[in-house]
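Each of the next two complexes has chain A plus one other chain: chain B in the first, chain C in the second.
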Partner chain A sequence: MPHRTFMAFIFPSILAMVLFITLPIFSVIVQSVFVEHEAVLIAVENCTPFGCSDQTTVDTEAMAELRAEKPLGQFAGLSNYLNRNHLAIGEVGEIFRTAPGFVAALGQLMNLPFYRALAFTLTYTFIVTPFAMALGFAIALAVNTLPRMARGPAIFASILPMIITPLVGSLILAWMFHPAGILGAGLQTLTGDPGLSLKTSAVLSWIVLLVYGIWTNAPFSFVVFYAGLQTVPQDTVESARIDGANRWEVTRFVIMPHLGPLATFVALVQLMDNFRVFEPVVGFSSEATATSLSWLVYNDLVSQDAQQFGSASATSVITIIGVIVLLLPVLVRTWREFNSKAV
Partner chain B sequence: MTRFWKANAVSLLALAIGAGAALAECKVEGAGNVAILSNDFEALRIVNTAAAECASDTVKVSSNATTEHKNIQGPALTANPAEYTVAVVANNSIVPLLNDGLIRPLDDLVAKYGQDLQPNQLIKIDGKVMAIAFLGNGQHLFYRKDILEKAGLEVPKSYEDMVAAAKVIKEKGLMEHPLAASDKPGWDLAAEFVNRFLGTGADLFKEGSAELNIDSDQGRLVLANMREMTAYMSPDYLNFDANEISKVWDANQTAMMVQWGSLAGAAVDPAKANPDVAANTAFAGAPTIGGGTIPGAALWWDGFAIAKNISDEDAAVSFQAMVHGISPAVVAEHSAVATWLVKGFQPGPTAEGVIANATGGAKAYPMQPYMGLLHTALSTELADFIAGKEEADQALKDVAAAYGAAAKEGGFIK
Partner chain C sequence: MSTTANRMPGSLRLLTTVFLALWLVAAVFPFAWTVWGSFKVEPDFFSRTSFWDAIEGVRTQMQTGSAFTLDGYRGAWIENDFWRSAINTLIVTISVTVISLTIGTLGGYALARSGQRYAFWILIAALVFRAMPHITLVSGYMLPFFQMNIWGILPTTIIVLVAINQPFTLWMLHSFFLSIPKDLDESALVDGCTRFQAFRLAVMPVMWPGVITTGLFSFLLAYNDFAVTSMLLSQDNQTMIPKIASFLGSIQESGNVMFAVAAVVSATVPLFILVLFFQRQIVSGLTAGAVKG
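Coming up: the complex of A and B.
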């Protein structure tokens, strides 16, 4: 294809990417280095049905002037990134100076909102991604051996977790694990511990969230791998069989290498998705035991009386950097493969 | 939600008219648009429905009752023209609107159309009327007459009494989990702390500044009581928000709780509640704490404010429709639903608790511009404490640190 034609085809898509992806990211980065103007506070008399009292309030006129002058707020450099609600550089230094041991230091680190969220986010990403991929692959192999008649319904049943809205899926599971729900009550009877509850046991809630993650993510891998299985060259499979390879060996030495590039693609998408885990935290209302980076952003923007754009932007930028770091090895590999093919 | 609610409002209205029960006719001067954004509970739905009676050929009335109203109101009223002409607010949710100057002074409208309003309904900030209150609300004691009687106990006067009474009830085998509280990490948990702290008589902030004042004996006293009470709650107490403890109450599983006055009506309504429980449910003012005399629960008002970024015609029409919505005739018809602050309101038994709080000298929920930041810090940082994973000193330190960072970003402290 001539370069001109190529450009003409790709231009609308590039334009859309710049408008709807690049520019917003740029604006988030700008916002993350600003904080609100210093509030102009005045004491005034407030009268309510319960009496009058002197209270502080914001001088809106003075603030309007300040905002008109500098709409972004005060420039704050990296302070949004370094303060206690984010990277907490000062607090982390303090912890490692004073903590009696490494384990104690880790415990104190988990008391900081950002690191607590990061710990869960990383655990979720690195456990859910491989397990969901393995499960999806296994389902794909199983469905592929079914007689043609049964495949349609089997595929539909297998991708159900993906069809269900994540929030609804997690709510259903959360209700089942409620102490009055079937799984919650069952667990209490099995363990003989009437106090066992998803909300009070951090271990249990992490396990449930991870299981939920694998359940809801497996169908994506399944769909991609199942499509891939249809392209496996039957000649190679047959010749392997003639050479005496058993089912496992065919899978290991013919099918898996064939699906390798697909696996890279699935891993890429899943790592990215899982790093931004959000719905299960809200669905299970597990804020007390497990939070994620995306949940921090949500918390800054929604559950405040005043939205904290600077803080939310800083967390967003850190999340983007996190995604890039995660994807780097895969991207580098793809790039190398691409180059070697070109030569 | 909106469409669903609109359909509901219309059908309710049709019912009311059909039954010939449309009491006072709504007469609105002028033409324009009325769009109401409110929280979602029964009393507010009644007001919205009544305001919708003002709809005519020249006046359009719509309303959106949603528990998400606090997240919607800021962006919706910042737009010009604003998406809603009326915001139904409370002590806390009016603050962000005041901070950003999104609502208009109502003095001239009050003079023109506010003959039915009482002076104490006017929320005055710096001498200007910024909102019209029509409901009083607050958390207060719900108790089970039968259980306390069987245990031979008086109605508890303080949070400490509640713990002592719970101990007796549990020991006598009358109930396994006699206490409940809305301890779910989030807004509810923070409110539990603020309620008790206001009951100690101390201020949350150092005078005249945004600096915190909770790292004190009072703060520790409050946290100690919160933890002590959890020993007599269902192990699932971290799931308990206000609606959840209402269900626990209705299921006959608890005997004492500090719960919202606006839910009192539903708790004793034999049509909606478990009749055995409803018959034995009684109300009293919020308990005191640490030997003090101030009821340990914040006082709340609900009222309406008019958006700034709308035309004067819309504002006038909206004001009149809302005044009709909270008119004495409407309130007289629904007096059992809530504690109305409207002329001619006859308080029934369900208003007892809120009135006891007010007469007992309970403090109003603070309206400082940085109070929301503290509430959020409390709602996330007390989670570990109430789950029993952290001690009070560490919890207070965490709250101070989280609030400090947020207040700095908000420009309230240097």
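Coming up: the complex of A and C.
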């Protein structure tokens, strides 16, 4: 295909992606080195029948003028990145200098909003992904043993947790885990602790969020692995059986190697998706106990009095760097493969 | 798998059945429970005494005279204007799907037929873009959109969702186009068609299954989105999902959680219908991406 034709065909796509994905990334980087204008204060003499007093108020007119003039705010260098709400360099140094031990230091680190969110995001990403894949694989093996008639309904039921809107799915589970909901009340009876609830117990809310993550991610692995199972060469399975391999050995040495490439693909997609975990934090309203990097950005943007674009952007840039680090192995491998193919 | 050599021993059979039954309950029960509970009053669905209340609807009977009530739905759809959000969702999802597919098929076709080095790099860039958390992109849009005064309206959201959708759409359509033999468009070119005519008259007619599958996923992305729609739409233009979220904040104190429950069930129904009719396409779409992508 000639270059001109190629360009003509792909132009609308590229334009959309450049305008709304590439430019925003630059916009985020620029915004992250600015902070909002400081409030312009003026002294107003406030007179009442009991006498006059000076009051300082925000000069809204001057503020509006300032905002119109410099919408980005004032230049702040890297201070957005280093302040208490982000990397908190000063506080972290202080903690490690004063804390009695490493574990205690980690505990104190969890009081800093950024590190708390990072800890949960990473835990969520690296716990949910393998467990959801294992569960999905097990479901695929189980569904594959069903008679053909029963498979359709089983697949239908199994993909519901994946297809559901993340916010809606997490709300549904959150209501069931509410202290007065069916599972929440059941847990209270089971543990004998009438005060147990998502709001008060950090451990419980982490576990429930992870369970939600596995519940909603397992169907994707299931569908992909199930399709992979249909392509396993039956000859190889049969000859392995004849050679004396038992059921487990066939699964381990014939089926799993066959599904290997699929597993890499599933792991990649799920790592990417789980790293941006966001809706469950809103749905389970676990702001107090478990937050994520994406949620930090959201929280800065929705704050009622002043939207903190600078702060949101700094978190965004750090998150984007995290995504790239996560993707790096894949990118490097693709780069090598592509180069070796070219040579 | 039904040959005698592969017949499972009894214990394994039992284990598999129990496991599968547990999973199916875990997958379906939350939905069934919430749908059933949405027709009850709040003291039943969130019962302090026993979950059995939610099944029998003891208090629902006391308050409304019947074991089922539509109060939640009435409150959400009529009193809180959920119908308006439903219309907005309809507009957004249909526009996003149509525009995504239009520009996506053109781009995907070009990528599948080019064979040049840069086509490969565009695909890799798309993969990286696909991984970007949506909310971080949103924080890049907000300030410029405020400045340009296009924040809060539906067209802006539609275009943004189309763009966010594009990397995935390109990948998927690209792999569908690869499965169509090149001879088809080459013979059309030999017969005197231009590239665009070959694309429209020779390739597109056999592409419909791929287009439908990709369209389903574009639809799902637009329908399920919360990050973009909750940040870029003003109160009046909200679609269903951000509307549900704003319900939560405003009605929790007035004790009308059931409005949110009814709204959640209403937002789930279209997805159920979609899976019911397009199960095969959804499954094949996920696997097409996996096997070829």
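Keep this in mind: the second predicted complex is superposed on the first by the 277 of 343 C-alpha atoms of A that agree within 3 Å, B and C clash if a C-alpha of one lies under 4 Å from a C-alpha of the other, contacts with A are read in each partner's own complex, and residues count from 1 in each chain.
The rule we apply is simple: a residue touches a chain if its C-beta (ideal position, glycine included) is under 8 Å from a C-beta of that chain, and two chains touch if they have at least 3 such contacts.
Note that the structure is a prediction, hence the values are computed from the model and not measured.
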item: First (chain B), second (chain C), both or neither touched by A:Leu331; value: second
item: Which of chain B and chain C A:Asn246 touches, first, second, both or neither; value: neither
item: Which superposed partner A:Val28 touches (first chain B, second chain C, both, neither); value: second
item: Contacts of A:Phe50 with chain B and chain C, given as first, second, both or neither; value: first
item: Chain B versus chain C as contact partner of A:Thr189, first or second or both or neither; value: neither
item: Contacts of A:His178 with chain B and chain C, given as first, second, both or neither; value: both
item: A:Met272 touches, of chain B and chain C: first, second, both or neither?; value: second
item: If touched residues of chain A are counted for chain B and for chain C, the larger one; value: C
item: Chain B versus chain C as contact partner of A:Thr98, first or second or both or neither; value: neither
item: Touching both chain B and chain C, residues of chain A; value: 178, 285, 302, 307
item: Interfacial residue positions of chain A with respect to chain C in the complex; value: 1, 3, 5-6, 9-10, 12-14, 16-17, 19-21, 23-28, 31, 71-72, 135, 138-139, 141-146, 152, 154-161, 163-168, 171-173, 175-176, 178, 180-182, 185-186, 215, 219-220, 223-224, 226-228, 238, 241, 247, 262, 265-266, 272, 275-276, 278-279, 282, 285, 293-294, 297-298, 300-302, 307, 309, 312-313, 315-317, 319-320, 323-324, 326-327, 330-331, 334, 338, 342
item: Of all residues in chain B, those that touch chain A in their complex; value: 70-71, 74, 91-93, 95-96, 98-101, 120-127, 133, 136, 184-187, 208, 210, 234-236, 238-239, 299, 301, 341, 358, 364, 366-373, 375-376, 379-380, 383-384, 387-390, 394, 398, 401-402, 404-406, 408-412, 414
item: Footprint of chain A on chain C - complex, ascending; value: 1, 5-6, 8, 12-13, 16, 19-20, 23-24, 26-28, 30-31, 33-34, 45-48, 51, 54, 102-104, 106-107, 109-111, 113-117, 119-120, 122, 124-144, 146-147, 159-160, 162-164, 166-167, 170, 195, 199, 220, 223-224, 226-227, 230-231, 241, 244-245, 248, 257, 260-261, 264, 267-268, 271-272, 274-276, 279, 282-283, 286-287, 290-291, 293
item: Residue ranges of chain A in contact with chain B within the complex; value: 35-39, 41-53, 55-58, 60-61, 63-64, 73-74, 76, 79-80, 83-85, 91, 111, 113, 178-179, 194-197, 199-200, 202, 285, 287-289, 299, 302-308, 310-311
